[in-house]
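Report on the following structure.
Per-chain numbering from 1; labels A, B, C, D and E assigned in written order.
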Amino acid sequence: MSFIVDYYNYWIVVFLMMAGFYIVISANNLVKKIVGLNIFQTSVFMMYISIGKVSGGSAPIVAEGITTYSNPLPHVLILTAIVVGVATTAVGLALVVRIKRAYGTVEENEFEDKEDLI
Amino acid sequence: MAEFIDLVLLGMLAITALRVIFLKDLFAVVMLFGIYSFLSALIFVNLDAVDVAFTEASVGAGISTVLMLGTLALTGRKEKTSNHPALLPLLVVGVTGAALIYGSLDMPPFGDPNNPAHQHVAPRYIEDSPQEIGLPNMVTSVLASYRAFDTLGETAVVFAAAIGVLSLLGLPKRDRQAIESGLKSHLVLRVVAKLIIPLTILFALYVQFHGDYGPGGGFQAGVIAAAAIILYALVLGLPMATHVVQPALLKTLAALGVLIYAGTGVANFFLGGNFLDYNMLASDPVAGQHIGIILIELGVGITVFAAMLSIFYAFAGQAERTNIQ
Amino acid sequence: MLALAATSIAILSVMALALARALRADTVYDRILGVNMFGTKTALFIAVMGFLSGRPDFLDIAIVYALINFIGMVAVLRFFEYTATDDTQNNKESS
Amino acid sequence: MILETLSTLFLVLGAFFSFTGVIGLFKFPDFFTRVHAASVTDSIATILIIFGLILRTDFGLVAVKLLFILIFMLLTSPTASHALAKSARHGGLLTLAETRAPKKEDND
Amino acid sequence: MLEQHFPVLPIVLPLMAAPICILLGRSQLAWLFATLISGLSFFISVALLLTTLDQGVLSYALGGWEPPWGIEMRIDVASALVLCVVTGISSLVLVYAKESIAKEIDRSQHTLFYAAHLLCLTGLSGILSTGDAFNLFVFLEISSLATYTLVSLASDKRCLTAAFRYLVMGTIGATFILIGVGMMYMKTGTLNMIDLAARIAEFDGNRTVNTGLAFILVGVSIKLALFPLHMWLPPAYTHAPSAVSAFLASTATKVAVYVMVRFIFTIYGAEYVFYTMSMDIILLVLAIVAIFKCSFMATVQSNVKTVLAFSSVAQIGYMILGISLVSSAGLMAGLLHIFNHALMKGALFMAVGAVFLRTGSVDIKAFQGLGRQMPLTMAAFAIAGLSIIGVPLTAGFVSKWYLVTAALEQQHWIIAFLVLIGSLFAIVYIGRILEAAYFQKPSEITEEKDIKEAPLLMLVPMWILVLANIYFGIETSVSVSAADAASQWLTQPTATMGAAQ
């Protein structure tokens, strides 16, 4: 039982990661691929934040009367990673817009040439 | 209590993610992604990562969703059914998931204060950073001083994204006469938006300069300030917005922000310190740290504001162009 | 403290119901309505949660939620105006 | 003590109104009544809960922030609902009465 | 006075130059400035290499915070060697780019091209210099984002789908690395590589640490286009602008190989990865399949850039093969091949870019008869091609020689034999092109046009690389001793590495 209490958080996060990952590799539409990529990454961020949590701790901002703080390091890492994620999303979506203009479609199975498949 | 809320939120996330897999209406997919982002930000708050929640809410639910909607407006709303079998993806996902579950079996228990992650490097940040840096917000201390090089990289990433989007889509030209377009028929919305926008900019300034004491900082402030202009552009139309904040100016601003950040680091060379060692910026190390952090947060804020807004302009400009044709 | 806990759980269940609405909706507009309600309740939830955990100084996040929720709504409306021409027939979703 | 009791009252009322709103979201027959249910209760619940929270502060910066949130949400939430309803109307959504009038067999 | 800051300068210089390029606004000025900065970084890298050969390792604490609390730049011989390759190729490509992109990229985007190139250089140098696992991820993403932009700048519409595929695969790879780093952090509480190495040694057979390693290796394999995960590479290199192909083919994947070496040898320790987890068998098999499958694919393509792209994947197979031999000699051969392959692939892609500039096509038909029309370009192509095949007196021969010796040293006769067979494929795919160039009549693409020799600004960097190929094929002492020192440094037990601090 304690086993489940210890890990339930990580397991659900793994499920979320895999849902996102599945969308990335199975989706036919390029926009949906990007959405999947975002879900995948956001779930990985959740794993990091879970690492940083200390039971009974509080947000790592000094305040009176608080003795235990959660670990600030994963927070810093994930701040950076979120920014990286949005940067990738922006470039990916810009590519999708251009692909739509060049090919007239953003569905993977509608590209005529097999070489163009993504 | 925190664990219970965590579990409920994770459950909601799981359901949302499952729904996204099966929905074919991309518009709904994007809306659910917004919810997903909101929910994950809630989880971050619940797990004490307030700064991260701040960023995730403004970036994931705000900027990403707006950009996705902009893309959908240009590419169409419906996903066509795919005809290739979904077996291989399922297999790949199954194997990866199994590997992760296998790996989780030796993970340190969730939330245990004796975990290695809380024992080795982090205690120094928690115990000494208020004295060494002089700021109550440890996340800001680590972000802007101990690991400032990561943040410089992050600024460079934003800048790279702006360059990428500009090279792909190009910036819209500034219109000579600013015609109001946008949501013409929504009078109430226009009035309220005009009220909200100055408040938002005020809030952005607060976040920028209060980030040392509470959640927030240059990145979040930049995003919120950009969001204010984005709101303006959505309600009153892109031509009006480009009149207020010119696209050409944004390019300069984005470059300037990176230079402010890196320049602060280089300045220390000549004062006898290492790159990004702010101790030398003032006679007192703590004061020096403070000056350095304010400067680099300013650089981050400017770059993020300019980059996010120019990315939005690029997408909106595309939509505007196809609308005319 | 009990009142805060009860309120937070109540808001949480309202959020869950609004989410259910957003996941299964008859029309696009219902979906948006669900999402909007979800957003406003989340902002409230954060406010209550701040008090519950004894750190009420994180209300800034609630402000961001309210703001982003509003911008999201405006973006959605703008999206509708933009695609209005080919979209009026498709209000009924086949989800 | 009085403040806390008052605050509890406000919070409970606020939670109650939130519930009524979301039930309306499911139970009401057409979109426009659903918008109505959602937006009216949204506002009252926000007012009650935020006031309930303000009573628990020491009336400093936190209270100011709460007031700011309140003003913000009172401005944006009804506006969004209004604009949404308007947009739905433009988009061709009909009220219940209108759907019933022309075609009787459609029992949606 | 600036010397003590050298470890950080190859990152900071291009990083600051990129926004300045945007501010300059004029294509010519941006070109001049970018080239100067890149050249400066190259000289700093050479100075770093000389220092590290002398002293072993350079550590630089960013912000003055001692590791593991702050981020550390940690440069040893291996990183300085690859740093020299990256900055050197970058400088040559920038010289080359001026004429090349004038035709291939819209004029309004030239400053963006230079800025993106410099950002890519920033990211690559950052990956090579950093001693922090998460910082590595950040720089990986800077270089990747800049790369997606660079690939999508070409005028052919297929570059868009290629860039998108690259973006999706690359982001999955980066996220896998992020997961792996998270698992390591979870068990050790640190992100500094040396500190990680010391702490991971205690977790022999821990399931979380093993999974972390697996995720990092898969993520890096995507980035370095190791065989079944290489699908993004051929389209990206084929459809990118020529200057970009030349730069990426000779640096980006090499840096990813370096990352793999770093994770295997410095952080986890070769013993752990190879003996406990038997990763060497997996890598060995994949490398050999990559060599054969992709060499074969290269022989059937009609687009010369695709031929070279598949050849790149095959050559990466050689590098991984060297690593998976689990010996100092094998690793040394792999590192040497990073260096030599950069020289030959850079020259080949530059020659193809020159052909594209003059003929407007990179189909093998466009090469027919070019031996007479563009003698200098085709001579460069021929020499670099011979180097790919591994003909004596070229750099390619040296690295293959050491690879075969390393295999024989361990009595792996079959592997040595397979390496030689792989070279036969190279003879076929390079031979086809050379045959077209020298022994066939001009085709319809080229016969009507008056084809001139490539402009001087393209020929000079191309020939510098070609001469380097010959130089390092004859005078092997410099490159071999550097690679040898690097592999000695990497294969020593990590404990002594920490002591050398």
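To be clear about the criterion, a contact is a pair of C-beta atoms (placed from the backbone, for glycine too) under 8 Å apart; a residue touches a chain by one contact, two chains touch by 3 or more.
The structure presented is a predicted model; accordingly, all values stated were derived computationally and were not measured.
Chemist: Remove subunit B from the picture; does the complex fall into separate groups, and which?
Modeler: Subunit B out, touching clusters collapse to one piece.
Chemist: Which chains sit in contact with both members of the pair subunit A and subunit D?
Modeler: Output, common partners of subunit A and subunit D: B, C.
Chemist: So which chains count as neighbours of both subunit B and subunit D?
Modeler: C
Chemist: Top contact pair of chains, counted by C-beta pairs?
Modeler: More C-beta pairs are in contact between A-B than between any other chains.
Chemist: If every chain is reduced to the average of its C-alpha atoms, which one ends up farthest from subunit A?
Modeler: D
Chemist: Hey, how far is the Cα centre of subunit A from the one of subunit E, in Å?
Modeler: The computed centroid separation for subunit A versus subunit E comes out at 28 Å.
Chemist: How many angstrom lie between the CA centroids of subunit A and subunit C, rounded to a whole number?
Modeler: Inter-chain centre distance comes to 21 Å.
Chemist: Measuring centre to centre with CA averages, how many angstrom lie between subunit C and subunit E?
Modeler: Measuring from centre to centre gives 47 Å for this pair.
Chemist: Rounded to a whole Å, what is the gap between the Cα centroids of subunit A and subunit B?
Modeler: 13
Chemist: Enumerate the residues of subunit B that touch no fewer than two other chains.
Modeler: 50, 72, 100, 104-105, 107, 115, 117-118, 121-122, 125, 147, 150, 153-154, 157, 160-161, 164, 168, 183, 186, 189, 196, 214-215
Chemist: Could you list the positions in subunit E whose residues touch two or more of the other chains?
Modeler: Residues 134, 138, 141, 145, 148-149, 152, 179, 185-186, 191 of subunit E each touch two or more of the other chains.
Chemist: Give me the residue numbers in subunit D that touch at least two other chains, ranges are fine.
Modeler: 72, 76, 79, 83, 87, 90
Chemist: Looking at the whole structure, which two-chain pairs count as touching?
Modeler: After working through each pair, the chains in contact turn out to be A-B, A-C, A-E, B-C, B-D, B-E, C-D.
Chemist: Tell me, which parts of subunit D touch subunit B in their complex?
Modeler: By the definition above, subunit D touches subunit B via 72, 75-76, 79, 82-83, 86-87, 90.
Chemist: Name, in rising order, each residue of subunit E that touches subunit B in their complex.
Modeler: Its residues touching subunit B are 2, 5, 8, 12, 15-16, 18-20, 22-23, 60-65, 68-71, 108-109, 112-113, 115-116, 119, 122-123, 126, 134-135, 138-139, 141-142, 145-146, 148-149, 152-153, 179, 183, 185-191, 199, 206-212, 214-215.
Chemist: Enumerate the contact residues on subunit A facing subunit B in the complex.
Modeler: Per the stated touch rule, the residues are 5-23, 25-32, 34-36, 38-39, 42-43, 45-46, 49-63, 68-80, 82-91, 93-98, 100, 106-110.
Chemist: Taking the touch rule as given, give the residues of subunit B at its contact with subunit A in the complex, in rising order.
Modeler: The touching residues are 6-7, 10-11, 13-14, 17-18, 20-21, 26, 29-30, 33, 36-37, 40, 43-44, 47-52, 55-56, 59-60, 63-64, 67-68, 70-72, 74-76, 79-84, 86, 88-90, 92-93, 96-97, 100-101, 104-105, 107, 109-113, 115, 117-118, 121-122, 125-126, 130, 136-139, 141-143, 147, 150-151, 153-154, 157-158, 160-161, 164-165, 168-169, 213-215, 219, 304, 311, 314-315, 318.
Chemist: Which residues of subunit E touch subunit A in the complex?
Modeler: Spelled out, the residues of subunit E in touch with subunit A are 134, 137-138, 141, 145, 148-149, 152, 157-158, 160-161, 163-165, 167-168, 171-172, 174-175, 178-179, 182, 185-186, 191, 235.
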